[in-house]
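Alright, structures below, take your time with them.
Both complexes shown next keep subunit A, but they swap its partner, so subunit B is in the first and subunit C is in the second.
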Partner chain A sequence: MAPLTRKAAIVGGNRIPFARSNSAYAQASNQDMLTATLDGLVARFGLQGERVGEVVAGAVLKHSRDFNLTREAVLGSRLSAATPAYDVQQACGTGLEAVVLVANKIALGQLKSGIAGGVDTTSDAPLAIHDEMRRVLIALGSARTLRQRLEALAGVRPGMFVPETPRNAEPRTGLSMGDHQAITTKQWGISREEQDELAVRSHQNLAAAYDRGFFDDLVTPYLGLTRDENLRPDTSVEKLAKLAPVFGKDDPDATMTAANSTPLSDGASAVLLASDEWAASRGLPVLAHFVDAQTAAVDYTHGGEGLLMAPAYAVPVLLARNGLTLQDVDYYEIHEAFASTVLATLKAWEDPAFCKERLGLDAPLGAIDRSKLNVNGSSLAAGHPFAATGGRIVASLAKQLHEAGPGTRGLISICAAGGQGVVAILES
Partner chain B sequence: MARTELGSAPSMPVLFARAAVTARGRGGDLPDTRLARTGVRVAAVDLAAYDRVCGFPLADPLPAPYPHVLTFPLQVALMSDRAFPLALPGLVHVRNRIEVLRPVGADEALDLEVWAERFARHRSGATVDLCASVAAGGAEVWRSRSTYLARGATAPEGAPESDLAVSVGDLERPVATWRVPDDAGRRYARVSGDVNPIHLSGLTAKAFGFKRAIAHGMWVKARALAALSGRLPDATAVDVVFRRPLFLPSTVTLATAPVDGGWDLAVRNAASGVEHLVGTVRPLP
Partner chain C sequence: MGDWYRDFANSGLGSTLVRQLGLPRPAVLRRYEPGAPLLPGPAVVGTAGEGRLHGVLTRVLQDAGVPVLPAVDGDGERLAAVLLDATGGTSPADLAAAHAFLAPALRRLGPSGRVLVLGDPPSAAGSPTQAAARQALEGLVRSVAKELRDGATANLLLVPAGAEAAVPGPVRFFLSGRSAYVDGQVVPLTAADVPAGEHEQRPLAGEVAVVTGAARGIGAAIARALSRDGAHVVAVDVPAAGDKLAEVANEIGGTAFQLDITAPDAGQRLVAHLRERHGGVDVVVHNAGITRDKLLVNMDAARWSSVMAVNLQAQLDTTQALLDADGLLGSGARVICVSSQSGIAGNRGQTNYAASKAGVIGMVRAWAPAFAERGATINAVAPGFIVTEMTASMPLGTREIGSRVNSLQQGGLPVDVAETIAWLSQPSAAGVNGQVVRVCGQSFLGA
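Up next, the complex of A and B:
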């Protein structure tokens, strides 16, 4: 009997260079960037006027008018207008979750092809009217008499004219993500030097990847940018050592700076997935296959776990299901939300107590070969437009695996707000 | 032929004012003058503002009508000059043909040149074509021909008949309805520099014989093309005639039909069906 599922192929990807907040893409909306990214993918793989099975993407910071963001981007793109699309949102896990959704439908035979992506802008951010003002306006809208209208308007106070800006803070704790991570950093005893070294390596690896042309078929220039704006090829541990901490500042030994934390950024990414047959019928390559994925979540409010530690829980489940050890991986892509997120995750996997008590494992997962980690740079250097990071990682890891040859295996780990994590395995 | 190069874009309010005070006593043939600017760069904020007003996505290839915003001030400079035979106030834009020879990048340095030609006879006056050519890297990438009607004017002896024929097929099916607000003229004026008073307010429009402010024809054209984003050929000719003024505010419909690898389109008043714009989009070889 034929197998009921097949592994989805990753054909390739496209993204625009990531920009720093309020810089090169200050005038661009999420829809502009997602449309440009889709059009770049269309151009790269000859999809003009074609109907792709589905386009799945999302944004973390989203205007209410963008309820159908992905479909609207498809309609403005060169894809066939008969291409279905839907939005997803799982904070910084959005992009990878979109890939999981498309890959699973391909695996089940429900789709022959699909595009997964994500976009975010911190420049063109949605502003909401003050919540009390919103209630006044709703009451005003439903008022039927002059008296009711006047009563509704009587509720207006001067402070209500100040709009609400989206905050990078957890609603349940009031702490910013960086301040949350500062707690984890201290808990795991991650030093400033380790964090700065990881940041410098991210810049060096990304710069080297650009220099060897690795991104030539992964990135399409946009609005004058040809490389990620945050990239500092000439940075050094000495330079980074001079920066003042920005998170966990109540602690005199605070270690997290603007350099070992990802900057607010703008950008978009997209990945083309398909069945092997669909790719072959169009003469398109298969860079890698999407093997499996896992999500996890932690109780960071009352449960004593770090906000960004969920991937540490998801990875062992994923590995066990696939009969793999942590060391059976050739390339690790651990999203650098903060340098210390990566380092705390690696330390946790080496820690017998954590692995036994929290993960319920008999033995720790153990250490990894650091030379296989984020080999083409990651978010500290590239920037991190929240929902765009998953697509960036999937496309570049798939290409890396393809270059390394058949049977090469890659692991992706992405932490997300709300104490969640999305992890996945790719294989060439 | 005289070719004058301008160092910067001329001030449009100044030109419109000059054209108004020098409107009388004009005549003769078209000037043999070309106005040019070289190495013109598009400012990202200007493009983004234009895109927002017209409905284009912010992308690297310029929207097909965008170079018109760059060449239009030179055309106004030409028309407001005393040597130009027709008075600018009262000129009506009746036809516009744009040819995009290849997609033009927003970061390319552009060389602009404009001139006037084809002084022609029209049943209610005379028409003249204001032409523009845009080059990048020494090769022409974009050109346009804007035909203006001067009612009551007389074309020179032996002038040809004016050509305002753009034929479209059946366009019965409206595909979209737009509410065009009463500030549409002011909004497009801000991003295009076309501060012709007939577009700015009811009062200023009345002074020039219109009952209300009217939308810029080039905005209507741009808005229609924006509705076809992602569905336009890379190299394309967009040829439209502006039939009746679009009074502000109005509700209009867009009708489209795919024809010969391009489109036929019409913008009409939603209630009366009066045609504001009819045109064709065709791929260029």
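Up next, the complex of A and C:
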């Protein structure tokens, strides 16, 4: 019997550079990108023909044919065809949730190794036929007589030929994610300048990380891209100040622009996790260990909470369970869905009323040292292929913690559609 | 990228036509296949002198199952190889025996045949007369190489007294298809401990090999050859070539390591990677190289310095880093540096490239004694006209002339360079140190 629990090791990761929507990866499918990403990981760690315990990944925007996306990607990759796989989906939390699932099975001794990942394309997106057309076609398929067939076809109307495109909007409110965040931005009084500064820092940090070779063993080029397409190393607060707002435009003081919001993007990421023994037996490094994770959800439809504020609730629970304060963290990775999401979350943790009334805490979590936040850039600069963001962050943070030395601690916070959040702690 | 002219010259009509017009007739070269016999037919072994190595040569052939004939005369079965032990000659008059042995034997040499002569190093001669006799062999062999046709080659091994144990490995290389495009070369051997029991088909089994510039072309071919011979290959290339690099690594079951070898910390990162992942390294192939051609008068500083940084300084720095890393370079380590024909002959528009590649030769020679002390070797390989993606983009005329001005009348393939490097990586190549082996089909340039 294996020990009851052990901490899963993060061995390393791989991702392809993230592309802007309808650009370098316009012709690539989710399966193409995930397969290429797995193959890059295989090459980095010499896993050719290896039967990894499990591969867990997912996509947010998915074709119906991709019901077994991850397993199909495994079969197309250089991993052993006898490697089991399954799909998960938790909106933008997909990638991190996949890591949690693999890490937990390793912790329980059910797996010795596993790969967690995610992929998304907003270019090769699924188009669905009009819902009423779908009903007509189903009726046609079940018709037995000519008369029944004609009756079914008689139901066709010109408008039914318009396909349904996936929308970046909440089904229950009809509001786009950006318009939801605009409400939160205003509530917390996040200024345009603060948002633009955060965006510029994200670009600068990501560019600096590339320049010092930080991503040399984290990224493999794909279809001509060698760096994230959205990265603008020479951007500045002055340049960003010229952009017009794109979300919450009903408000004359709208602050959210295309630069302080993440662009639609395409890409994939994967993380190799294992037991320490598995890694050691192959001469593979242990960058960090996966310590713990927590999810939370908020009722943004009637509960008066912002759509992307769930991580603000999940983090204190996670910290408390591990006997930590917010300041016991050496590196913070707060996913930049929007610059104002990061800023509102940080403000909430500093706010005594929010921490008391919403989180039930006696004292606020307090401020963090901003120089420890998203030190190698985040989604504003890199882009955010929804399900690929978790893997990007886990692998980069694990490497950062490894470079900083043993005992360094990192916190990951990722907000997701549907008012959800996934957060986790890593430690080197 | 195929050689259309060679294929034409070997076709029914083409063969007649090129013969009548007196055009060059490049042969389809015999190349190495794992499991294939060392030679496709019998060999003859002769002596012109005391015959100190006759026994070694016969044993190498017999171990490989090659029928060995005494001296031949008149017509008969085609020979796959002609070996001449010319050690121990004391005066030019002794060379008459070489002529007497070679003339009838060469008449019977078959396609892609091999002529291998073994002599004493002139530098160790006891008298001017003896030195003259020894040096004369070089002129003999280089001229024989030019007279041979049909893909046959001639090469000379210089074997000092006491280096007999170092002979079998190089002899097998020069007889095999691995040396298809190595012609007219003189390779001096030195006495060295040669480990016994090298596996014939997987001589690098259990070894770790680093190949830089492995994403494409010659580097990818080197990675494939070393992997085929049993090594785990750490394939290195710049991060921007990472996708091609991953394909190569996955094809051969190696690992991809994205690294800009000109980065200030490249040596440390390579050392750390090898230590962590493999505990050490046995073979290092410095293959990464770039060209930035311009006439010297038009060359800007960036073209000059980028070529020097990649082709020369990075080889110096990473080699030094590996030497400095305690216990990392295994005993019996092999470092092989890719130089170039341009580094020997010079090339118009390539002052930067030729300087860097000549520098590699200087580096290898200077480091050889230190490597010998460790039981290791460092050598250079200088490719001639090798058919790659780069040469495929050359204008037709330049490419055709470039590929024909050598004794084999054709361009080499990346695999030819790779096979020579794979040979120098072998434990049984211990006696080759500080040398430059040209893979050029006996190019007329810089000869």
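Before moving on, here are some points about what is shown:
One rule holds for everything that comes next: the second predicted complex is superposed on the first by the 425 of 428 C-alpha atoms of A that agree within 3 Å, B and C clash if a C-alpha of one lies under 4 Å from a C-alpha of the other, contacts with A are read in each partner's own complex, and residues count from 1 in each chain.
We take it that contacts are C-beta pairs under 8 Å (C-beta built on N, C-alpha and C of every residue); 3 or more make two chains touch, one makes a residue touch a chain.
Predicted, not measured: the structure shown is a model, and the values here were computed from it.
In the superposed pair of complexes, A:F215 makes contact with subunit C only, with no contact to subunit B.
Residue contacts after overlaying the shared chain place A:D292 against neither subunit B nor subunit C. When the two structures are aligned on the shared chain, A:E336 is found in touch with neither subunit B nor subunit C.
Judged by the touch definition given at the top, the superposed model places A:G46 against subunit C, while subunit B stays out of reach. When the two complexes are overlaid on their common chain A, residue A:D228 makes contact with neither subunit B nor subunit C. Of the two partner chains, subunit C is the only one touched by A:L284; subunit B is not. Judged by the touch definition given at the top, the superposed model places A:D266 against neither subunit B nor subunit C.
Applying the stated contact rule after C-alpha superposition, one finds that A:R78 touches each of subunit B and subunit C. Shared interface residues of subunit A, touching subunit B in one complex and subunit C in the other, are 36, 39, 78, 221-222.
Against subunit A, in their complex, subunit B makes its touches with residues 44-45, 47-49, 51, 57-60, 106-107, 229-231. Contact residues on subunit A toward subunit C in their complex (touch as defined above): 36, 39-40, 42-46, 48-49, 78, 213, 215-217, 219-222, 226, 283-285. The touching residues of subunit C, when paired with subunit A in their complex, are 232, 239-243, 245-247, 249-250, 253-260, 263, 265, 269, 276-279.
Across the complex, subunit B is touched by residues 24, 27-29, 31-32, 35-36, 39, 75-79, 81, 221-224 of subunit A.
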